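Each of the two complexes below includes chain A, the first together with chain B, the second together with chain C.
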Partner chain A sequence: MTALARSAVTTSAPRAARTGAASAGWSLLFAGLAVVPLLTGELTTYRVGLVLIQGTAAIGLHVLVNWSRQVSLGHAALVAVPAFIAASLSGESDLPLAVVLPLATAAGAALGALVGLPALRVRAMQVALVTLLAGVAVDRFALALPWFRRASLSQVPSVQLGPWPLFTNRALYPVLLVVFGAAVMFTRQLDQSKVARALKLLGSSDQLAQAAGVPTGRYAMFAYAYAGALAGAAGAMHAYWVTRVGTASFGLAASLLLLTIVVVGGPGSIAGPLLATVLFVSRDVPLWLPALSLMAVIVVAPEGINGLGRALRRRVENRRHR
Partner chain B sequence: MSSIVEVDDLVKHFGGLHAVDGVTLAVEPGETLAVIGPNGAGKTTLFNLIAGAETPTSGRIRIRGTDVTDEAAYRRTALGVTRSFQSLGLMPRESVLTNVLAKLHGEARYSVIDPILRPWRVRREESRLRDLARHWIEAVGLGDRAESPVRDLSFGLARRAEMAAILATNPALVLLDEPSAGLTSEATKDLLGLLEEMRAEHGTTILLIGHDLGFVLQIADRVIAMQSGTVLAEGTPEEIRDHPAVVEAYLGQPIATRLRRPAKRAAPDPLAPPTAGFGLAVGNVHAGYTLAPVLSGASLAVKPGELAAIAGQNGAGKSTLLKVIHGQLGLADGWVAWNGRRIEHLSTADRVRLGIAHVPQGRLLFPDFTVERNLLLAAQASGVDIARAVELLARGLDLFPRLEERLTQPAGSLSGGEQQMLALARGLMSDPQMLLLDEVSQGLSPKMAGELRTALIGIKALGIAVLVIEHRPWLLDGVADTVHLLDRGSITWSGSLDDAMRRGLLLDVHLGEADHHDLVGSDA
Partner chain C sequence: MTQVLVNGVFVGLIYALFSLGMVVVYDGSRRINFAHGETGMIGAFVFATVSQDHGLPVPIAIVGAIAVSAALGVLTERLVARPLGDQSQLTTMLGTFGIGAFLLVMAAEIFGAGLRVQPPLIQGTPIEVGGLLITRHQLLAGAVAIALFAGVELLYRHTRIGIYLQAIAMTPASAQVIGLPVNACSMLTWGLSGALAAVAAILISPLVTMSIGFMSALLVRGVSALVLGGFNRAFLVGGAAVAIAELEGIIQLEFSTAGLTEVVLAGAIVAVLLARPLALSAEREATA
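So, the complex of A and B:
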């Protein structure tokens, strides 16, 4: 092509630089997170742990909501069921973490896929409704089943890592950090692949995705399964971390908080939802904060924390033009 | 070698509407086939059927010998079919590179879970795909914008990015949906060059649909003209251009009985400030969407009681202009004035209260309500009191006698044409001083269109100003005081219908020959 000669300069530098900077940022974050139990007390470690657990679930929901533009209104249910399963398996059946965690993750994925089943055929409203109903159904009925109720009665035993029992949260913290780290790593790997692009195409429009050769139904369901898997892992870690599972932590309010976190986080990097998690979960925030943030997102920065830089830039430019 | 696409007696019905009604065609390897036709001819439906976005009512579609009639769109992509989108098949938030990579979905040889299980394999494959994508991004001259989000590009550059994505898939067949719509003349030339290069270097087979005949006739080897869902004519671009049936299909009925009237001229000074005078004035309006600016400095004026028509190609910005006047779309620059007062900051509801009514394209009636209720609701919604509403209803039925017989029927049971009439009558129920009509004659039978014309004369006689999007001369003849030509976002010519006809301007709106920019101010 003659046009080829016109611009033969390769410009791969900015991308490489950007991914490099992002990787460095993540490494730094994990280095910081790793020393948390060494520098702080049991309570702070516990709180940070809750953020990591919620963050793991949020990353999964981010993929579903901000990539593929689908909704799960009852996402806490996908955390709850695996949490109860984990509590029961480790308590009553005395199974080790190495078995419980994969099982809980798989249960979350299966539940996610089940909830997302209608996405094979339709998108948007109907599927959202199914997720809402699933959330309510789990909250009201499933968790009231005898098997689940028993799980909520007893304390979840400490994790046994080889010969060492991890009695305290500070001792368990490295395990949690590894689970959270895996969620971040896997999602970032996904983001650098055709999967993320296919889901984002799907989020743009079904027709667009189909025109690129994406089997839309299957990918839509995959997003639900992936979100479910991370919710499942978060659920299992919740059981071990809090050592008790109760329905109170997984109601509709919890689902809405999760959804608010990813919407406030905004499309783009997983950093946005994680920052929102820190904002809303690190301490007992009053309920008006997420609500107000959501309004701010809708009015001021439609692309959430991730798009804040761009939104501010635009405002400044517009002012200058006036 | 056999045909790339074979379409056999394809039919698509939407309810009672026969959008495509028995079309048979074939696209040969290496050729560029264009499908043209006026609005509502069925081009887009045909395109969607071939692309797989719609399923046909009957008939078969074969692509490279494989019957794909019942296959989902994404399976056709696997057969080497790539399509463009009229409104750009790109994700605005993502970079050019990511968009091209996204289009290469089928090229990526790894499974959905490989990014988690075998990231090294994915990394290797991704680097190969990135090189491929970069090659094509550079080939279309966007090398230095590869990392820019598409929404930061102009519409023309974004269209180029889409072409890069299409080229990268090494397609056996490219489907182009109105590729030149919304492009500046510069960007159109640019696109033409790109397509010609594509054909010359890769022998790409192209099937495109378009309104912009100037563009279509330059690129196509063969042209099929459609009308009312069927093939009207087929031939070389030259044959089609001079084909009497095609010319007539575009312009409607021949003008046999034209009233001789003294030519009036009402060209507004485009940059004049809002006058103290009455009526509507629009000045230097810029508006549109982030990716596609639609209006760029449009100006016109409509006096009280005047009936003015806007003509222009699809994508010229006609509907957008009406939306700006009615307040459904904000403007980036310029002003709108009504009876000497600036109104661009007012809400749509306020503008309705000031007496501007809008009848949008696609009627938006309440199908389950009776005709009468549809009409009275409209009056009520705009704050007209009951007594006046009854008067208005009587007036509306005078104008549209056909509706009187249908008063107690549900609006949904009316024929398409009757619904159109009802939409118009409803527009009058807010007791407006001005009516904005968006393509009201679209899809009407000649008989119904005739009734519409009579109604327009009646509306004019009531002293209500009308601004109508319409380009069929016979419908405007004896009705329109002024015709405004809208081309690529600005009014390039204003004058009487006779004048427009004499200059062949309306013909050019369809057959896309003249560059209207040259005509600004040369109206002597």
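So, the complex of A and C:
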């Protein structure tokens, strides 16, 4: 009932104009992203690709954490399993991207729903504990299974788009951009829907949402599945982009990084978490930085980057009115 | 098989001691400290370093290590738990998750990421009881765990501070109004919790290979015991911890597949939460 409600109350500009401006901003961003491989080298393109992949996973976790106030402490596991599945299906089974990507996304959604299953009966706190256990269980057990182990040994083959193999990062980049763009657009659409309102109500107060007739358990579970689906898509893209899957990419540090990104991003628009993704992924950051940022932001500035943005906008608008 | 069960009891008592630290904090402030494992880990490494590498006498090293962990517990309270006092449980949980990760990174800097093997606290031949072997270290661990459980119980039931703590656990706001030292008591519980984590970590370290991540396994088992035992009922949580250790011993004996214990625990907890959600959640959860 804090940041979201307040931002809704203090909105003074007409809603339509504001959505229009936001859409223009997003279009501009995508236009800029589209020319990245044309203007920069393989290495920069690779980095930007990593940002897009993490960004896709972060958008899903943002819906879970910042909208519905549920927490996934082992979120990297939901990226890891689809990544291993994608590596195995495209490598050993030789399936095309058009089949592997939806399958990985579905696997992520299913895993998310499974982890979120207790949400039907218990409060967010207990579900969060389950996500911790599930994360460790996946890390220690599932990824050590022979089928997954084999997937991590071989290189992921390059994507074949019709007759053209996409050998280089610059060639594969458009595929990545389409997946990321779909995640952004779909989540922005979702934000306008009844579902988003229900999730945000659930996030502000369990009891309030129940009193308003929201089936809170099912909505919370949906949020877990949605976060899982985007994590799955990110996992598949990770497999193709990095061309190798290893358990090292998906441990506690990866889960912490994702959580930090959405907490630093703050409740509200998906722009916050995406900016945070750029901050933490666009270059190598020392491990203590995300840990310290998570702590500091929660205590000092719980509304994160989005909160800063809102404060800035209020200032500008107040000045204009004077 | 019987030997595995006997070993399980002693490991379980250490798990129980570890969980007791989480119970103390949960009871006092309705918070789950996700840095509990790392708090203990730092203590165990301080002990291992000063006693082995610098040759300090064991008792002094133990006291120093416990003091460091207790201080970390108090720091967690001051830096995260208290500023977030009016926030939701989830927010504090994320904060302590950050502290745990930060301690892990710091430990990697200070103690290195290598493995180390810790000798038992008491050397000597194992004692044979009816064909079963019990090491002296196991006996010591069991005795310490039971003594500390009894000590915490005594503290809560039979001292003035214990009565304060109970009152604060029930209704913090009223306790503040009638002039109880709420903040001091909160720091006391977090410090006590940190000390318990250090003792558990020091006792378990000779039984496992020590690395900076070695307490994350204990955190998983502690959290499981917490959920299964009902969060703030110390003896039920302790019982659950022993049961988890037994289960782990049997799984390792029968299957020797890595991580199977975690899968079984996760599955069991999901099943229990779905089947009997209210029986397990602490009674005052609704107000938190």
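What we mean here is this: the second predicted complex is superposed on the first by the 290 of 322 C-alpha atoms of A that agree within 3 Å, B and C clash if a C-alpha of one lies under 4 Å from a C-alpha of the other, contacts with A are read in each partner's own complex, and residues count from 1 in each chain.
In the analysis below, contacts are C-beta pairs under 8 Å (C-beta built on N, C-alpha and C of every residue); 3 or more make two chains touch, one makes a residue touch a chain.
From a predicted model like this one, the values you see are computed outputs, not experimental measurements.
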(request) Please work out whether A:290 is in contact with chain B alone, chain C alone, both, or neither, and reply first, second, both or neither. (result) second
(request) Based on the superposed arrangement, let me know which partner A:192 touches: chain B (first), chain C (second), both, or neither? (result) first
(message) I'd like to know which partner A:216 touches here: chain B for first, chain C for second, both or neither.
(response) first
(message) Contact-wise, after the overlay, does A:149 reach chain B, chain C, both or neither (first, second, both, neither)?
(response) neither
(request) Considering only the touch criterion stated at the top, classify A:126 as touching first (chain B), second (chain C), both, or neither. (result) second
(message) Between chain B and chain C, whom does A:208 touch in the aligned arrangement: first, second, both, or neither?
(response) first
(request) Using the touch definition from the top, say if A:267 reaches chain B (first), chain C (second), both or neither. (result) first
(request) Would you sort A:313 into first (chain B), second (chain C), both or neither based on which partner it touches? (result) neither
(message) Based on the A-chain superposition described above, do chain B and chain C contact any of the same residues on chain A, and if so which?
(response) none
(request) Under the touch definition given earlier, write down the residues of chain A that touch chain C in their complex. (result) 69-71, 73, 117-118, 120-126, 128-130, 132-134, 136-137, 139-142, 144, 252-253, 256, 259-260, 263, 286-288, 290-295, 298-299, 302
(message) List the residues on chain A that touch chain B in their complex, please.
(response) 1-4, 6-12, 14-15, 186, 189-190, 192-195, 197-198, 200-201, 203-204, 207-216, 219, 222, 267-268, 303
(message) Under the stated contact criterion, what part of chain B meets chain A in this complex?
(response) 51-53, 72-74, 77-78, 82-83, 85, 89, 91, 93-94, 97-98, 101-106, 108, 110, 112, 114-116, 119, 122-123, 126, 130, 134-135, 138-144, 146-147, 194, 197, 201
(message) Using the touch definition from the top, list the residues of chain C that touch chain A in their complex.
(response) 32, 34, 79-80, 83-84, 87-91, 93-95, 97-99, 101-102, 104-106, 108, 216, 220, 223-224, 226-227, 257-260, 262-263, 265-266, 269-270, 273-274, 277, 280-281, 285
